[in-house]
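By letter and in written order, the chains are A, B and C; residue numbering begins at 1 in each of them.
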Amino acid sequence: MIIQQSFKIQTPGRGMIEVTKEVAEIVKQSEISIGICNVFLHHTSASIVICENDDITVQHDLERFFGHLISDGHMLFEHVAEGPDDMSAHVRSIMTQSSLSIPITQKKLDLGRWQGIYLWEHRLKAHDRKITVTLQGE
Amino acid sequence: MIIQQSFKIQTPGRGMIEVTKEVAEIVKQSEISIGICNVFLHHTSASIVICENDDITVQHDLERFFGHLISDGHMLFEHVAEGPDDMSAHVRSIMTQSSLSIPITQKKLDLGRWQGIYLWEHRLKAHDRKITVTLQGE
Amino acid sequence: MIIQQSFKIQTPGRGMIEVTKEVAEIVKQSEISIGICNVFLHHTSASIVICENDDITVQHDLERFFGHLISDGHMLFEHVAEGPDDMSAHVRSIMTQSSLSIPITQKKLDLGRWQGIYLWEHRLKAHDRKITVTLQGE
């Protein structure tokens, strides 16, 4: 059995937005007992990541650390047409993920106790982002 | 056909542990000829990665380089409740992988000659880690 | 339905080579309407990544930034038997991807408007690289 569903998220700008509930709900509705859930992001200046879901300071620390490691407007960047956060967003995207494959077990998205799925917006301004969830199983 | 199996690994602390044999054995037992093998790690302070499998100095260099790039107790980190290696572990996790999808070809896990699957423990102390292997194919 | 096909790319040395057309053609030929396309690279010193596909300076900036972040012949590297670009290639590989799972929707590889699939060669010299594409769907 294959189920595919897309949804959009409007981000307010740089930062993480949890989408675990949206994905888990698609899994629940599908009634698939066992299989794989793929979560795909159709963009190269944002990421889809699994992050610790309990302490918000983890997200803040990730944001600060990536901002430090891949500084906006880095002197090595030529691709600056859309602003100093354009190229750093592409680097952040390629260093993290735009596709996640997660097991479905006993009709549930089988994440660990401290794992959540997050859309990570890397651009400073608000953006519309599209995510496609594809379930395969039985 | 879908096969799913979980197993636990007790890590002795920071470093890599090869799990290629464990995963390849599940593929072999399944008798699936062609398909995809997904290896999923249920944690956010360890990774599941494909690493060079021949020269142990590659693992040592990766450990040293990541330790240098993402120093434990970095001055930007607020999330330090569990110690200086807590937040660096989350950064290492998000910069690598917690899910791998590998082809199954002619009843075998179709890794390259120099590729191995490794659980990479990022915390300094010993931890119990859970891995779920999901096979889809025919 | 499962379709699997491998192909080889000869790289001229460090840099990105787009393989979107090759992968999209396999999807088209398969006549799968809905499912997942996995693209797997059988090497640990190159990557398979989703990168911005419109402005070539993005690739140049990624190359320069990774060269700066993970310098060839870094003083921390012991694994230098094959030259100063050997260990940096393994670090680049583990910080990016060697496996991508992309949705198939309405008989097409469902990439975003600005997403392309690229083989990223990290070694300085020319190499033969093997990619396996596995499609699952109906």
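In the analysis below, a residue touches a chain if its C-beta (ideal position, glycine included) is under 8 Å from a C-beta of that chain, and two chains touch if they have at least 3 such contacts.
Keep in mind it's a predicted model, so treat the numbers as computed, not measured.
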- prompt: Given that chain A is a copy of chain B, what angle of rotation, in degrees and a multiple of 5, matches their CA positions?
  reply: 120
Equivalent interface positions on chain A and chain C, same or different at half: different
Euclidean distance of C-alpha centroids - chain A vs chain C, Å: 20
Message: Please output the residue numbers of chain B that touch at least 2 other chains, ranges allowed.
response: 36, 69, 95, 97, 101, 136
- request: Would you mind writing out the residues of chain C in touch with chain A in their complex?
  value: 34-36, 49-52, 55, 57-58, 60-62, 64-65, 68-69, 95-97, 100-103, 105, 110-115, 136-138
Task: Please give the residue numbers of chain B that touch chain A in the complex, ascending.
output: 2, 4, 36, 38, 40-45, 69-70, 74, 76-79, 81, 87, 90-91, 93-95, 97-99, 101, 130, 132, 134, 136
